[in-house]
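Could you have a look at this structure, given as structure tokens, before my questions?
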Amino acid sequence: MTARIGVVTFPGSLDDRDTRRAIRIAGAEPVALWHKDKDLKQVDAVVLCGGFSYGDYLRAGAIARFSPVMEPLIEQAKAGLPVLGICNGFQILTEAHLLPGGMLGNDHLHFICRDQKLRVENAETAWTGDYRQGQEISIPLKNMDGRYVADARTVDALEAEGRVVFRYLDVNPNGSLNDIAGITNEAGNVVGLMPHPEHAVEPLIGTGRTDGLPFFTSILKKLVNA
Amino acid sequence: MSRTPLDTVEHAAATPDVELPWAELGLKKDEYERVVEILGRRPTGAELAMYSVMWSEHCSYKSSKVHLRQFGEKAPESDALLVGIGENAGVVDVGQGYAVTFKVESHNHPSYVEPYQGAATGVGGIVRDIIAMGARPVAVVDPLRFGAADHPDTKRVLPGVVAGIGGYGNCLGLPNIGGEVVFDACYQGNPLVNAGAIGVMRHEDIHLAKASGAGNKVILYGARTGGDGIGGASILASETFDDAKPSKRPAVQVGDPFQEKLLIECTLEAFAEKLVVGIQDLGAAGLSCATSELASNGSGGMRVTLDDVPLRDSTLSPEEILMSESQERMCAVVEPAKVDRFLEICEKWDVIATVIGEVTDGDRLEIFWHGGKIVDVDPRTVAHDGPVYERPYARPDWQDALQADDANKLPRPASAAELKAQVLKLVGSPNQASKKWITSQYDHFVQGNTVLAQPEDSGMIRVDEESGLGVAIATDGNGRYAKLDPYTGAQLALAEAYRNVATTGAKPLAVSDCLNFGSPEDPAVMWQFAEAVRGLADGCLQLGTPVTGGNVSLYNQTGEAAIHPTPVVAVLGVIDDVARRTPVAFQEEGQLLYLLGDTREEFGGSAWSQVVHDHLGGLPPAVDLERERLLAEILISASRDGMIDSAHDLSDGGLVQAVVESALLGGKGARLVVPDGLDAFTFLFSESAGRAVVAVPRSEELRFTDMCGARGLPATRVGVVDGAAVEVQGEFALTLDELRETHENTIPALLA
Amino acid sequence: MARVVVDVMLKPEILDPQGQAVQRALPRLGFEGISDVRQGKRFELEVDGPVDEAALARIHDLAESFLANTVIEDFVVKVEEPAEVAEAAK
Amino acid sequence: MARVVVDVMLKPEILDPQGQAVQRALPRLGFEGISDVRQGKRFELEVDGPVDEAALARIHDLAESFLANTVIEDFVVKVEEPAEVAEAAK
């Protein structure tokens, strides 16, 4: 038995096909979801992928957040459905208030594409079980609006509760508070991060490493063993 | 607002004496007379708008056509060519049922006026050419040239251009996998912003720009039409017909990459459902171009109702609508039974789509406005029968003096210390320095098929996930070489791009080019152009790589001063299995470095002569295309059979530049030994063509040298991958840290 | 038809690199005496019908839920007086 | 210290993809009756010293040469009245 993992396509989504490929490589079944459908097709988990939904006009993720598909998604995420937001997906999750804080333009004001080193700070979420706590990984980062901000209380709470899931190592590529690269909600089912694990699942392609694959095997194991 | 009367065809026929502003629209007197002769009457305002824009240099290639013919006449036999010159972009067979389309275009002038938007819309335009062929765009490249690196205006232009290319390409989800950044004072007022794109499709999905089948509908879809880029038409509209015109028409076009992303998706979905008979993107000359080209390439005529075009600005006149260059629009020809489904797909993607006309069984292009017929022409006369100039050309009188000013006679470093200092200076010079500050603003990873991207010798994209089939592309050009000798310069550009593709293990298949020159009205420039085209056509014939399409950009000059003649050449290659690709970076200590090819004293136009002496003179390196072909075969065989682990072609900066790049990328140094028969200076800095440096695992050395020996390619052992420095035995050593510091800090220090 | 303007600015405690970049460039351009620069967004909405209390309340909601992200941004809603525009533009 | 505001908007004839995207989203959010949206930039400059004619002229120059790209954008310079801000924010 395998798990069915949905990938939502918004207008302007870019990494939807790549994310479905990563899910397939991990051994799960990718299911394409469409932003205009108020229907999650009974998937076991959802990935909101990278891209420039609605051109990132207004604010990254701000317009996509009001898509019909977000209604059931928000409701079910609150009830425990595993949701992963990558890059633009992370931005959508903060806009939808499924994750606290917000995303702003990189502090250097440029788009940045690089192979980014991260430390796994929480290997217990639905999406990080196949990593070791403290493990260092490298996966591609590419965005314009990657600066994570939140008020001091929120950041303190995230730190105290172990909800910072990934931290940038070596360089903070965008000015994110506390070098935060990814966070989770209290229940650990909703995770958002700026770097792109789906671009690091095959040798040869991209950076040539497969450090991103455990995201997809983690969720598969969790769902199959559930 | 009353226009009395509408300038219909009947009205034009009845009022032969009305004066039209043909000169303001850029037509010459004889060209206007030719239009009158073709029509047998004076043109209507709308017809004049169409002829003037389609007969412009940009659309008709009137100055370059007589030379460009050579690309067809001298085309090599190639089984790979599926669609040649003349379509939106050429199409090449890459095997396993896949076809690849690619093309390079310029957006030079708009990028100088408004760097961000000019460059952004340049990317938008070339990508639409690729979609129009039926392909999914899979990558972009951006050969760029700017004025002096430390000139204040470069700081205005470059960051804007780079942000614009990134802003548009990143938002479309196209990995940027290669390009060039060159600084030279000659481009000060005329930066060159060239952009290339590649697309992939199955053979059966190739689409052409033609409208056939009477009754088929013409659908305009994408952005609404605004008053973009219609300077000429506004003159026409206001002066001749209507003085109540708003004068405000945008001077600059703003791109909407989000809209274009939707266009890509809905077009590909329509293709997949076989809904499209013919398709054309709207670029320069907008609807004038799309309707006349679709109609003239098809079997019948076309009737268009201009009132049905969705507008962004309701005050536009019909002439302006016909000439508008608003971005992110496409035109499709669809059978009546499939129109509903086509419109449904557009709606799914929130793309505005409107039936604006239909294919007729006549042979006229007829356009209506407010019930009156304002255009009635033979579309071929608009699209294909533009003027052709035989512009005079002559070798400039300064060419001999330039070539006599021999760079080989420049003072050379007198000591090891001086040699070392010059190496450091070269590696940190703006043209040789790392372009990471620029290229890290581009997404290299999106689509998940990028095998190689900058700073590799060529970009490489996986086409088939199962078989590992891939394509590679490299773009090159060297205006300094071309200035010294345009014929050889063009061949050197071709040779370098060809070599760059082969260095990564791919087999070069076909060529696209972007020819950037000064004013064709200057016989010296025209000579440069003629020589460059001749050189490129001869070179492509010899290498067996047909030119599949390209672009000409003329008038790149400020006053009397033209840019260096700058033919930029893109070579496309194919690799059976991307797992066999060869990277630039040194992989393992202990591997042996072999220099392939012959090294001669060749410093004309070299990076060394520029960086150390600020000199341009003499002759460029000699070209030997047979040698290039042999080198390519060796590099491809060696990659396929696992005999080499890294390779880097030698070009500007010579051997030392290449070795430093491989060392820095791999984080491993090299110990070099100057081979017998060469002095250290020539060994390090010469720019002789037809060379590469490869790293051979010791276990493969014999097999590799035997292969080179058997095929007659000189292969000289020049060192070993080792340590944390680049050392030239008996001369000097530079640590990787030291090299990295200079190589990587130059560009940020100038621009950040 | 009337115009309503929504100004959206980053909350004061949030770093504004765009504003800072502008400010840093000022001395180079020969401008002294500007101690802080912040950059935000301005939305001009053309409203059909009268801009009464009810309409403004709706636009306030729109700004709060959509035009601004109140986690990081503050906003202000104003009715634009035609006279003011002309005055300022002079 | 006084605040001078520079509003920068795309010229009316220039395509504003951002504003359009916002406008197209409005019906989905249940907002009707807004016929056009344009999105621009707002700069808030804190000026040391008096904001007299001379200071305004200098800021005008700054806006023209730096804050706005006058090839595609128009701008307006205003002195912000403290009262006005409070009023609008309420």
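Going by the order they are written in, the chains are A, B, C and D; count residues from 1 in each one.
Methods note: contacts are C-beta pairs under 8 Å (C-beta built on N, C-alpha and C of every residue); 3 or more make two chains touch, one makes a residue touch a chain.
In UniProt terms, the chains line up like this: A = Phosphoribosylformylglycinamidine synthase subunit PurQ; B = Phosphoribosylformylglycinamidine synthase subunit PurL; C, D = Phosphoribosylformylglycinamidine synthase subunit PurS.
This structure is a prediction, so every number in the text was calculated from the model and none was measured.
> With contacts counted as defined, which of the two, A-B or A-D, has more C-beta pairs across the interface?
A-B
> Which whole number of Å gives the spacing of the CA centres of chain C and chain D?
Going by mean C-alpha positions, chain C sits 6 Å from chain D.
> Could you grab the centroid distance between chain A and chain D? Build each centroid from C-alpha atoms only and quote it in angstrom.
Centre separation, chain A to chain D: 34 Å.
> Using mean C-alpha positions as chain centres, tell me how far chain B is from chain D in Å, no decimals.
38
> Of all the residues in chain C, which ones touch at least 2 other chains?
Within chain C, the residues that touch at least two other chains are 66-67.
> Which chain A residues sit where two or more other chains touch them?
54-55, 57-58, 66
> At least two partner chains per residue is the criterion; list those residues in chain B.
Each of 256, 258-259, 350 in chain B touches at least two other chains.
> Work through the pairs of chains, note which ones touch, and then classify the graph as line, ring, star, complete or other.
Topology of the interface graph: other, matching no listed pattern.
> Which chain D residues qualify as touching chain A in the complex?
17-18, 21-22, 25, 28-29, 39
> Which of the residues in chain B end up touching chain A in this complex?
The contact residues of chain B facing chain A are 163, 166-167, 170-173, 256-259, 261-262, 348-350, 439-451, 462, 465, 578-579, 581.
> Quick one: which bits of chain D touch chain C in the complex? Just the residue numbers, please.
Going by the criterion above, the answer is residues 1, 7-9, 19, 22, 25-26, 29, 31, 33-49, 55, 58, 62, 65-67, 76-78, 85, 88-89.
> Which of the residues in chain A come into contact with chain C in the complex?
Contacts found on chain A: 58-59, 62, 66, 94-95, 97, 100-102, 104-109, 149-151, 175.
> If we count contacts the way the header does, which residues on chain C are in touch with chain A in the complex?
10, 13-15, 17-18, 21, 66-67, 69, 71-72
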